[in-house]
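Two complexes come next, and they have one chain in common, chain A, joined by chain B in the first and chain C in the second.
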Partner chain A sequence: MNRSTLFALFIAITTVGLVVVGTIWPVHTAQAMAGAGYSFNGSSEPQSAVTNLLAEVGSHDWNAAYESLANRSEFSEADFIHDLNGGYPSLRTYATLADFSVQPLHVLEDEGKFRVNLRWSSVVGVFQESRDLRVAKENGRWKVVWPLVAEQRVPPQVIPVNYLRWDVIYRGPGDDWAAQNVESPHVRIIDMRPIDRGNGVSILGEILNEDTVPAFVTVKSTLIGKDKEVLGTEDSFDKISHVLLPKQVSPFRIDFPNVALSQVDSVKMQPSSSLIAASADPVIEIENQKLSGAPHTSLTGELRNESGQIVNIMHVIGTFYDNRGQLLWVGDSYENRALLPNLPAKFSINVPVDIADKVATFRVVTSSYSSTLL
Partner chain B sequence: MTQSRTICVVLFLSLSIWTQSAFAASVSVPRSAEAGRTITISTDGSGVGHLYIVGPSGAVERTIQLGARISIPPDEISNAGHYTVFLITSTSTETADLDITSSPEAASLSFLARPSRLPVSLQKGVGGVAYIFDAYHNLVMQSQPVHFQLTLPNTAPEIHTVDSHQGVAWIQMDSSARAGNASFEAAVGKGTSLRVLQEVPGDACQLRMSARPVGDRLHVQTAPLRDCTGNLVADGTIVTFTEIYDGNRSTVDAPLKNGIAEADIPANRGAVITVAAGEVLGNQLRWNGGQ
Partner chain C sequence: MQRVNTSEFRAVPLSVIFLMAFGIHAPLLLMKLPLKSYDTNFHIFFASHYLHHWFEPWNTKWYAGFSQTTYPPLPQQWVAVLSHVFGLEMAYMAVQFIGILLLALGAYRFARLWVDERSASLAGLAAVFLGAECFLVYSAGQLSTTFAAPLYLNALPYLYEWLRRNDWRALLKGAALSVAAAVAHHATLLFGSLLFAAPVVALAFLDRKSDEEEAASKKGIILRSIVAAGIVGAAIAVVLLPFWIALIKYPVTQVPIPHPSRANYILSPQWGLNYFVVPYGAMIIALPFVVWRGASISRLRPLLLGFWLAFLLGLGGTTPVGRILLGRAFEVLTMERFTYWASLLALPFVGLLAKECIVRFRMAGIATLTIAAVFTCALAVAWSTYKPADAVDFRVDSTAAWLNRDGHDRYRYITLGFGNKISRLAMMTDANSVDGEWNSGRMLPELTEHGGGALTSSKYFGKAGLDALSAILHHADHYGLKWVFVRDPYYEPLLVFAGWRRVDDLEDRTISVWGKEDVPPATPLNAPQIPPAWQGLLWGTLPIGSSILAMLLLLIPARKRQEQRAIQPASSGDELIFGRLAS
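For the complex of A and B:
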C-alpha cells in the first residue's frame, strides 16, 4: 500500500468518525438550526419550544415560527417578521441567524422565562441581540409568548429637502490631450499614532478633506521593519468614513494582526482621494453622547436623521483622546436597523478595557448609506 | 524605423537599376518648402525613372517620365521635417535633400491650464501653456502672439498677450479675489481653446450663530459665513454645532449652503452651544429657554 492510498484511507476513516460523533453528540444549536425537534403544535419541554422557534427563525421559516407562538393573535405575521428582519431594508434584512444560546431564568409548572442571545451574521460582521422570552403551557404543549417590539414607521408624507449635491464631469476619451482632468481633492493626514494592541499593531489617525469639494478617501499603511523589510501593508477598510465633505475630518484605524510594535522601524502612510459625486444629505444629529463607566465602558448616544431620506445602513465611528488630546482609540459600530427621519435610534461603541480609564474626550462621526436597491 | 525603411528603399532601388533601361538623369528640388504648399520637382534626361521621397512619417513613390516637372500636392507631404528625394533610373541614382517647414499660419493650439481648482487671491497661481500648430499639426516655430484671457462672470477679463517661442507660449497669472468658475482662454490666429478653472473661497474668517426654538427643539443657524476677502465660504463646508448639557454632548455636522449652516438640536435649558468650522471657532450660546 503506497503513501497516497494510506492518506486517502486516513481521510475516509476520519470523515466517517466525525460524522458518527456529530450524529451521536450533536451541537445543541446546530441541531436546532437543522430543524431537529421541529413541531407546529408546540413542544413537550419549555426549552425545546424556544429552541424550535429560534431554529425556524434561523431557517427563515416565518410561517412556522409565527404559527407556533402563543400570542400570535396580538400581532400579524408581517409585524413578527419586521420585528426580527426589519421593516425597512437594513443590515438586519440580509443578516442570518448564525447562532443562539438559550438560558433559563425560571421555569414553573405551566410557564417559564428564558433569556436568548441571538448572534446575527451580516456583511459587516456579527451583531448580537438579547431577548427575554416567556413560555406558556397550552393544552399540554409549551409555546413561546413573543415579546413583539413594534418597529416604528414613518407616516406617509412629503418631506422637502434642498441639500447640496455634487456631480463631476471627467475628462473624456475625445478630449484634446491638453485638456486637464479635474483635480483630485486635497486631503491631509492631520494625526497619526501607532499603538501596540498585544495581538498586533494598530495605526490610529485622522484625515482632513481640506478642499472645497467632496472626497472619497482611503488610507493605506505599510509597516517597515528594522532591516527595512516590509512587515505588512493594510488599509483602513471600514474603520473610516470614506466620503468626506469639505473641511470634514474622519478618524481611521488600520490593524496589523500578528505584528509587534517593537518590530516596527517606520510607518509609511499613503492617503488617497478621488472626486466623487456626493450629496450633503442626510444630516445626522448625534444626541446625548456619553461615556459609560467600567467595567463595560462604551460610548452611547442617539442618532437622529434630520432629513427626509431613510438611511438603510448607519455607521458610527468614535475617536477617543486622552487629556493631552492624543489619540487613544478609534472604534465603530453599525446600526442594524434603518434610521428613519426624526426617529432617534440608540447606538453604542465599545471601548477596550485597557484604554477606557485614559479617555478624557471623544468625537463621534457618522457615515450613512441609503439605497433604494437594498 | 525610418532608417531601416530608407535602407530597404535604397536596396530595392539599386536592384531596379539593373532591370530598367534609361539614360542618365538628374533631379532638382527646392531646399525647403512650407507645409501646405505644392512642391515642384524638376528632372532632366529621358526615359522612365522612379521618384521616391522619404521623410519622417512616410514615403511617396512616383513612376515618372524623365525631363518632366512633377508636382507633389500639399496633402501628400505635410509633416514638417527632413526628407530625402531619390531619383532612380536604370543607370544612376540621384539624391537630393528637402526640408519641409511648418506653416507660419497658426491654425490650432493645445492649451494646458493648471490647476483646475485653486484658492482666490493666489499670486501666480494660474498657469497656462499653449502649443501652437499649423493646419497640418506641425508645431509653428515662428513667433506668434498668443492671447490669454482669464474671465470671471460679471468681471472685466484679464488679458495678456505673449509671443510664442519655438512653438510654445506660457503665462502665470494671479487668481482673482472673487470666487467662481473662471474661463481661461488661449487664442492664436483662428485657434482658440477654453478651460474652466474653479477659483474657490478660502477658510472662514468669522463665525457667528444664533438660536431660536422650533417646537420642542432648538434651531441653530450661522450668519452667512465668509472668507477674509468677503466670499461666501464654499458650499458643503462642514460646520459643527455642539451642545453640552448635563455632561452629555450632542453634535451635528451640518453642511453650508449659500454660506449658511443650520440644524436642529435638543432644547435643553442651561445647555451651552458652540459652533466651529474647521479651525475657526464661533461664538458660544447658553440657552435659557429664550429669555
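For the complex of A and C:
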C-alpha cells in the first residue's frame, strides 16, 4: 500500500470515525437539536427507554413515541397526544418540553418504575408536571407503560347564562371636535406594602374599582432611593387581574430584582385605569381551597366554570394575609389545561415557605382567556 | 489501462461560462426569487439605511438603535449605490448577479492554480450550477458570503503569482481584492486565510522549482507570504477600523442562539437534508474522487486538506471537530458557510472529474454531468419553495401605513409572528423597533441575556425566546414600546395577562394591533455604542473606496512573461484516465 492510498484511507477512516464519535457522543448543541434527552443506547436500558420516549415527546414525534409504548393497544395515538397536549386548546397545546429529569424509583430484572419531572415552556412561563412511569421488558427491549389520564369531555347540553355586560360607545372620528370621551373609571389602591425578598424588593397591594363601570387597570411603581434617585420603575405585568368589574378588587405584585429594601426611601405608586367593554362571563367558582403545609407549601383548590364557554387559559392569583389582615404575599399560577363547563379542575399556587407559616387567611381571584384562534 | 486522446476536447471559454450564468441566474434574479430567502430583506434593510444615511452608521430602526459598523458593508453599500438606478430590490439582484459572475471567474482562476485549463474551465462552469451557491443565494440569502468568497478566489491567483514570481503588480491586485473581500464579509477572510490561502502558499512551495527560469527560494516565498499578509492585514485594519473598534469595545458576549446548522445531521436528518444534501447535491457522488485524487497527487494535497477541514466544519455537530477547533465561536457561527467553502475548494477536483468523464464517455459523460449539474442547481433553487423561510407570504404595507399615521411612530413597536418580514416592515415605516434580525448588533440586555433570536419568532427559541419577549414587555415603558403587531395568536395570552389591549385589526383581521396605556413616547437611547462622526466618515468612504481601488488596480496590465507552461496534475496530451484510481 503506497503513501497516497494510506493518506486517502486516513482521511476516509478519520472522517467516518469523527462522524461516529459525533453521533454516539454528540456535542451539547447537536444533542439539544436531536431532542432534550437523546440517548444513543436505544431501549437496551430501562432508563434509556424513558429518556428516548420523552425526547420523542419533546420533538413532537408523536408517532414514534406512541409506537414505542408497551400498552399502546389500550388507547389510540390521539388519546396519547391529548393526554400530553390537551384535548381542548390550552397552554399545553403549544407548549414545548424545555427539559426533563428521570429518577429511578425501583428497577428489577424485567420491570421498573421511574419518576419523571417534565418542564414545559409556554407563552406565559414554565409549568411543571410529574408522572410515575412503569417500564417493562418485552422481547429483550424495555418499553414504557404509559399511565394515560383520559381528558374529560363535555357532554352535549344547553347551559343558560345570565350575566352582566357593559358595552361602550367611544367618540367616533366624525364626531364634533368638542365631543368628550367617556370618563376613565375611578380606581384606588386600598393596600400597599413593600417587602424584601432577598433577591429584590416586591411591592404587594390591592386595587379597587370604585366606579360603576368596568375598568382596565395597571399599577406602576417607582422606587426612590435615599438620595432621591430613582432606583427603578416597574409595573404589575401579569401579577394582577387587569379587568375589574365595578367594586371588584384585584391584588397586585410588582417585583424589583436586584434592589434591597434598605436602599429604598419611598415608593411612588401610579395606578391607571381606562374604560373597557366587559362582561361577568365566564363565571368561575372557586371551591375547596386549602393551604397545604411544608415542604411544598401551596394553596390548592378547584375551579368550576359555570358558563357554557370553554376557558382556554385560567390565571389564578392568590392574596395571603396574616392574622391582623396585613398583606403577606401575592402569588399566581396558570392552569395548563382548558377549563370546561361545569367540570372542576384543580389549581395550585406555590407559597414561599417562610411566608406560609404566617398565613391566616387568603383570597383567590381569577382571570381568563378564551379564543377561537388558539 | 485505457488511453484516450484528449486533444480534441478544448476548454470551455469564459464567455460561454458567463452566458450560462446569465441564462440560469438572470431569470431567477429578475423574478426576485431571493426575496423569499431568510436574509435577503436583512441586507436590503442595511442598504436602505446606507441609501438614506450614508455617513451615519447608527441605525435607530432596530434594537432602539444599533451600529451598522458591526457588519462589513461592501455589498450593502453597492446595493445602495445601484438603487439610485434600479431601486433597492433590483439593485440587490444586480449585486448578487455580479457575485455569481465573479464566482464563475474566481472558480476558474482558482482551479487553474491546481489543474489544467480544461478542468479549470469545467470547474468554472460547475460554479454556475453549484448547489451551495444556489442554496445561499436563493434560500439563505447570504449576500455577503456569496460576494466575498468570489473576490477572495479571484485574489488568490494574484497572490500565488506574487509568491512565485515576485510580481508587485500581482501583489497589488491580490491585496486589493483581498481587502475588498474582507470589507464584504469578515468571516470569509478570517477562515478563508486558513482554508484557501494556506493551501495556495503550500502550492507555491511545491511549485517553486517547476519554473526553471523563475525558480523561487523557500526563504523568498516565506518572506513574500509575510509581506502579503502584512500589507493585507494592515489595509484591512485601517479600512474596517470602525468594525474593529466596535468588536473590541463591545465583543459579542451574548448567550448563544441555537442554529440547526450545528445539529448532528444523522440524529437530525431533516437538517442533514437541508445543510448537507441540498448544498452538495450531486457533488456528494464526487467526494470519494476528491479524496482519492487529492491524496494521489502531491500538489493537490494542500487543496485536499483545505477541503477536508472545511468539509468537517460544514458538518456542524455531526462531528466534534467544529466544537473543538472553533470553541465558543462554534456556538456563534452558522456552519453552512463552511459547506459553501468546502464546495468551492472541491471545484478543481470536480473539474478534473468532469474532464475525465467527458474524455472517457463522450456524449454519455456530458449528458450525465449535465443532468447532475442541473439537478443539483434545480434542487437548491427549488429548496426555497419546498422549505420557505416564511410558510405564509403576507404583506406588511398596512402595518407600515398604520405605524406611519396619527403619530403612532412616536412610539416603538415589535411584531410577533412576522418572521423575516420585519426587515421589510422596518424599511417601510418611520417607527423604530426594539426587535431586529442582526443578533450581533443588539445590545439591549433583555435580548442578549436569554439566548433567543428575533422577538418576532420567540416561540421557536423555546423558553429562551419567550423569556426575552417577556423581559422586553416588562420594560415597555423604558423603551417607549407601545405597539405589538400580532400575526400568531399563540402570543395573545401573554399580552392579555400582561396588560396589553387589542386596539385594531389589519389585513382582514389576520394581524391584530395591541397597545399599552400610559407608555411614554420613545426617546433616543444615549448608548455608548453610537459611533462618533469620524467613524461614520471612514465607514462611508474606505470600504467602498477599497473596492473601487481594486477595480482600478485590475486595469494595470499584467507583467509579460514567457509562455507559461500549463500546470498539469498529470501528463498532458494523452492522458491516463480512471486507471489511476485503480493503480
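Please note the rule applied: the second predicted complex is superposed on the first by the 333 of 374 C-alpha atoms of A that agree within 3 Å, B and C clash if a C-alpha of one lies under 4 Å from a C-alpha of the other, contacts with A are read in each partner's own complex, and residues count from 1 in each chain.
Here is the rule we go by: a contact is a pair of C-beta atoms (placed from the backbone, for glycine too) under 8 Å apart; a residue touches a chain by one contact, two chains touch by 3 or more.
As the structure is a computational prediction, the values presented were derived from the model and not from experiment.
Colleague: Who does A:Glu285 touch here: chain B (first), chain C (second), both, or neither?
Modeller: In the superposed model, A:Glu285 contacts chain B only, not chain C.
Colleague: Give the label of whichever partner, chain B or chain C, reaches more residues of chain A.
Modeller: The partner that reaches more residues of chain A in the superposed model: C.
Colleague: Output check: A:Val123 vs chain B and chain C. Expected answer is one of first, second, both, neither. What do you get?
Modeller: second
Colleague: Give one of first, second, both or neither to describe whether A:Val365 is in contact with chain B, with chain C, with both, or with none.
Modeller: In the superposition, A:Val365 touches chain B alone.
Colleague: Tell me which partner A:Val182 touches in the superposition: chain B (first), chain C (second), both or neither.
Modeller: First partner only.
Colleague: One more residue to check, A:Arg134. First (chain B), second (chain C), both or neither?
Modeller: Once the two structures are laid over each other on A, A:Arg134 reaches no partner at all.
Colleague: Classify the contacts of A:Asn162 with the two partner chains as first (chain B alone), second (chain C alone), both, or neither.
Modeller: first
Colleague: For chain A, which residues belong to both interfaces, chain B and chain C?
Modeller: In the superposed arrangement, which is not itself an observed complex, chain A uses no residue for both chain B and chain C.
Colleague: Taking the touch rule as given, give the residues of chain A at its contact with chain B in the complex, in rising order.
Modeller: 162-164, 166, 176-183, 211-214, 245-248, 280, 283-290, 301, 306, 363-365
Colleague: Quick check on the complex: what are the chain B residues that touch chain A?
Modeller: Contact set of chain B toward chain A: 110-117, 131, 193, 195, 198, 200-201, 203, 234-238, 247-255, 257, 263-266, 277-278.
Colleague: Can you name the residues of chain C that touch chain A in the complex?
Modeller: Chain C residues touching chain A: 258, 260, 262-264, 266-268, 271, 288, 291-292, 294-297, 301, 304, 308, 311-312, 315-323, 330-331, 459, 462-463, 466, 470, 473-474, 477-478, 489-494, 496-499, 501, 516-518.
Colleague: Okay, in this complex, where on chain A does chain C touch?
Modeller: 4-5, 7-8, 11-12, 15, 18-19, 21-23, 25-27, 29-34, 38, 91, 94, 96, 98, 121-126, 216, 218, 220, 233-238, 240, 242, 270, 272, 274, 276, 312-313, 315, 334, 367, 369, 371, 373-374
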